[in-house]
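Following this line, the structures themselves.
Across the two complexes that follow, subunit A remains constant while its partner is subunit B and subsequently subunit C.
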Partner chain A sequence: MALRETAEQIFPELAQKQRTFLLAGAAGLVLSAVGYTMNPEQFFSSYLLAYMLVLGLTLGALGFVMIHQLSGGAWGVVARQSLGAASRVMPVVTLLFIPIAIGMPHLYEWTHADVVNADPILRGKAAYLNTSFFLVRAAIYFIVWNGLVFLLNKWSKEQDETGNLELPLRMQRVSAGGLLLHVLCVSFAAFDWVMSRDPHWFSTIYGALVLVGQGLVAMAFQIIVLAWLARRKPMSEALTPVYLGDLAGLMFAMVVLWAYMSFSQYLIIWSGNLPEEIMWYLHREQPGWIPLAIVLVVFHFAAPFFLLLMRGIKRNPSLVTKVAMLVIVARVIDLFWLIAPETHHEGFVLSWMDLVLPAAMFALWVGLYFQQLRQRPLLPLNDPQFEEALGPAFAHADHGTAH
Partner chain B sequence: MAEFETATQLVAAATKTREAGYVDVDAYSPIPIEELHHAIGFPHTKLPLMVLIGGLLGGMGGFSLEYWVSAVAYPLNIGGKPLVSWPMFIPVTFECTILAASLTAVFGMLMLNKLPMPYHPVFNVPRFAMASRNRFFLCIEATDRQFDLDRTREFLTSLDGAHEVTAVAN
Partner chain C sequence: MAQSNQPLADRMEPVAGSGTPIVIAPGHTFASVTDKISSIVLTQRTPVGYYIALLTAAGLAGLLLMSLSYLVVKGIGIWGNNIPVGWAFDITNFVWWIGIGHAGTLISAILLLLKQTWRTSINRFAEAMTLFAVACAGIFPLFHTGRPWLAYWLFPIPNTMSVWPQFRSPLIWDVFAVSTYATVSALFWYVGLVPDVATLRDRAQGKVAQRIYGMMSLGWRGSARHWHRYETAYLLLAGLSTPLVVSVHSVVSFDFSVSILPGWHTTIFPPYFVAGAIYSGFAMVLTLAIPMRVVYGLEDFITMRHLQNMAKVMLLTGLIVAYGYGVEAFMAWYGGNYYEGFMMLNRINGPYWPQYWALIFCNVIFPQLLWFKKIRMNVPMLFVISIVVNVGMWLERFVIIVLSLHRDFLPSSWGMFRPTFWDWSTYVGTIGLFLTLFFLFVRLLPAISIFEMRTIVPEAKVQEGHGH
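== the complex of A and B ==
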């Protein structure tokens, strides 16, 4: 049985795919560099959109790794190697933040001293919204994320190799504190990097909204990959229709949570009707943005909601893959809805960079993810929950050394 | 009716019974067994559809209630907002959807499975009390087309792990 073989040995074609994705990503990034020389304002706006997408794919995976450490569950035993691979892209995602730090004057109006001085509200916020503190905070977020990714993946690898029973306990402890830190970091990063594009506006649920969006895009991506990996053993044995349904159920939960939070934010601001709060929505009532909101309601909520209500879809690999693809596209549109109207207060504008940059960054990220995925087995070895979750499927297999 | 000691034996036996062509079959287990409903060929129930309809009716009811209260019965100008301020109606609409759907689920379930049932012939078998502890039972009902007291008893006895095969009087 192929349990100890790495993904590289089971799927030799991953190397070729990795190269293709990395090349496509690099080509797209070079192409968009042309856009930078033409319109830096638009370039950085699109870059932020692309960055938030790959950040979500990485951090959402990290979040699920920690949730699984605390909650257990067969879905996590099936998905944790792939989730871990996604989280290990974090160091490169950290480097990809550099252009945002460089592009701050184009992205955030509060970086301009003259704008802040002329504006009493921004003067009041200057203790928090200033360039050096912004960069210090970013450094803290990245230290926390990279630290968690490093520790959890290191111990997970040790567990594969030794089966030391101390390790699950250690991973649980780190996940408990880590999850708390993670939620705070994602929340504040969302305030800093996206919400502060409109520095007058604030919404406390905004961070949670971005957090849920990250969980959603990460789970949708994992479902697509796992359904593909289930073409061959051992994933074909492990990803039973029931477990696939569990993963799709988590995606469904994220869809509902996103809709719940988005609507809560809208309802509270709409009913309060205060000038400093409604500006954010008024910018999005400019010509052309409203249809985008309707697209979000239909394709980010209604369509996946009703499709994922049906067990027949949730448990069918090819159907649930299609829903997951729809969800990823909807996530990009939602990020576009959060970011782009701040660049174009005058009305709807879709730049070619809003398409090329997210596509390029996504391709680059997938390439890096494949690189990580190839290095380890597809299912965890020596996981204490393995027997309970996948015992019947691998009754006669030798899965690990510590028996 | 046959008695089994493990869930695995019960599922295997149920599968064989279905393959042998028996239709009016019921299985009793102290714990939920995921595969069992498939093994005894349990038909899809109408419950999901009933819950969906219940939820939709509840949602429409909630929205209509809000509409009637704020636009027809007590039209009040609140903060200069239109009388039919639909965003404000959504929480009540949502709650009524959930309420109606869950009530439909509970009472629809009771209606379809005819519980609570104070008397059932299987209670006449003293050992059946074990069905709520650590024994698993498979019952082929006399109403089945293939039912024949002797041959069905023989069939049940032949199943793997079956013991204490009893004929249950009505």
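== the complex of A and C ==
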């Protein structure tokens, strides 16, 4: 039966696609290595942007895996295997952090002793913002993320194979504590890796904003892939318009949350107008950056918001795929808005590396994701919620060994 | 189809054999549900304890009336508020009550849209709670103006002197947010009541009751057309209420965060206020539901499943609130702003340290017990936790408001706030008003939605199956 076949068997062309994406990614990375020799500062800024994109695709998926373990819901039964595959790219994403560790002096002003010594505020932060503690913290984040990815995927595979009823409970327990750790790690990683690009600036909502951004980009990507996988059985049976609409509803919720948090942050900082906070926005008021902010308001909020209000779009695979693509592009622009102005205080600059690096890293990530996706069935076997969610669609199918 | 649509979390506690709690006890039929709920209002003898409770609550409401009358005569000098602490109990109580209301809106609107059927037995009284809480909240800003008879100045009314409210001030946004909230909540609650009030009209024995319920039910006959329009209206109202769950408390948080006062000015405030509001609201729903289900024998309808789910929502929102405290404390240090750092130290170690640490205990430490299923299944323990969280959320607002005001930038203008008798009497009085309204509601209207409960008894499932 189709249910037990791996994605490889159902979609043999995935191997070819994987190779294409990996090659494109590798080529792009090699090309941008040239950029490193030309302008290391720009290279690392673009690299951080690309890195935050693939980190979001991976960690957002991990977050949804855990949320689904805790909340249940048919959407999660449908998306589980694909979300798991996305989370399993984590080990490579960990390795991709190495260039950031190497590029710290180019990325973070506070790594320079002379700058810190001349600045009483930075001296005060030195206990936190220093190279060794930064790396220790990064190591902790990666241990937590990789640990969660490892455990949840291992048990999920066991569940596919054995249908042991202990496993769902175990996954639920780990997800409860795991989600807590995950939120803390993502928040502090956001403070460390992105917010400290401007070491004077701080915003308490920043971690939550990055967290929501990760959830959004991960969900948008999942919608695109699942809609594509629904060309053949079993996904064509599983991804009913209602469930697709549920996933799109989650994407909609993330769009709204992002807008709510971004607007709140802006309103509060604008009205307070304190020198240490407003500088962040003043840098983004330099020539050329304001149009980018308007692009964000329109394409990161207004357009997806109004489009996803319509049930007809949410439940239509080809239309919702287009909205999801728009959202991914908007996510890249938002990351650009967070990261690039710190390199270009004088005004808007778009380097070719800001295009090539995110594209290359994204291609590389998608290749690795396909590699993971191929290895397992597309729908979970022996999931205790399977009957409930997909029972009618697979009424006569023999799914899993426990039945 | 309709069934597979519902979220699985609803009916599933994953591991078999652990005594899956359910949304309604087995054995109930359409008739038994209607009998059981309407009998509280129509046929059951009112227990003596009810009158004692009602009289006590009404006595406290009387205290409120007295306190407010005295305030109108003497001015707000009877409270302990004074510069530098210009906002104290009044605004603390306002935020506390408004926050409590949020659980009702969340349960009735968001859980409806998310198709969470377990909301069915708790939505009606949670909505009533919202309404009464908003009423109590509204009293405070109104009387805090000192001249409540000029309260209409808060609205942008065209006038010959062209005096307008300051539209850039969140205080005027508050006027709109809270009045919209009150209006929509009242509409939602009343619309939900109409079919049930019609049931009471049909079953009432006394002439007076028949007349009153008859008028309130707006000519409801339960025809298919009525139901069709009703469902549409209810869903639309749910859609309208959903943004209010977030917007009202976000605006309340702007009252503080758009200023530059340390402890008030921080960007996490909007989502963290919303989470805190839902936290305190669910605590209040539990505080009310636990005694109510015992007194009226409603354990069949408000099951352990409901209590557990509410406990989980409290655990989640409590953790979000704790995250807010943590990030705020970290940024107070990390930001390197001297006054922010001082504010945090003043909370931890200043003259109000007992209040601060009590808040941390009530909101962060004690509720962690909810991680354990044993505790979530223990009703008296849940009741204790719900009370502790209510206290903790009140302390949170007190700490935010008073501690930031009493020591700001200039040490020469520091001061202390000490509540007077009238501060306490006004606060306790609103609790009395809230309980009075709630007791009256439980006695006079169906506290659980009869027609929605009927949709979740097994009988309804069979019919649904035929329908499709």
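The rule we apply is simple: the second predicted complex is superposed on the first by the 402 of 403 C-alpha atoms of A that agree within 3 Å, B and C clash if a C-alpha of one lies under 4 Å from a C-alpha of the other, contacts with A are read in each partner's own complex, and residues count from 1 in each chain.
Methods note: a contact is a pair of C-beta atoms (placed from the backbone, for glycine too) under 8 Å apart; a residue touches a chain by one contact, two chains touch by 3 or more.
Just so it is clear, the model here is predicted, and its values are computed rather than measured.
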Partners on subunit A (subunit B, subunit C) - clash or fit: clash
Which of subunit B and subunit C A:A74 touches, first, second, both or neither: second
Partner chain(s) touched by A:I121 [first = subunit B, second = subunit C, both, neither]: second
First (subunit B), second (subunit C), both or neither touched by A:E285: neither
Subunit B versus subunit C as contact partner of A:L274, first or second or both or neither: second
Touched partner set for A:E161, first subunit B, second subunit C, both or neither: neither
Greater subunit A contact set [subunit C / subunit B]: C
First (subunit B), second (subunit C), both or neither touched by A:S187: second
First, second, both or neither for A:E346, with subunit B first and subunit C second: neither
Stretch in clash, subunit C with subunit B, out of 76-84, 400-408 or 454-462: 454-462
Residues of subunit A that lie at the interface with subunit B and also at the interface with subunit C: 242, 267, 271, 273
In the complex, subunit C residues that touch subunit A: 1, 4-5, 7-12, 14-16, 168, 246, 250, 254, 257-260, 265-271, 319, 323-324, 327-328, 331, 334-337, 371
List of subunit A residues in touch with subunit B within their complex: 242, 263, 266-267, 270-271, 273
Sites on subunit B touched by subunit A in the complex: 34, 79, 81, 87-88, 90-91
Subunit A residues touching subunit C - in the complex, by the definition given at the top: 71-74, 77, 121-122, 124-125, 128, 165-166, 168-169, 172, 176, 180, 183-184, 187, 191, 200, 202-208, 242, 260-261, 264-265, 267-269, 271-274, 276, 384-385, 388-389, 391-392
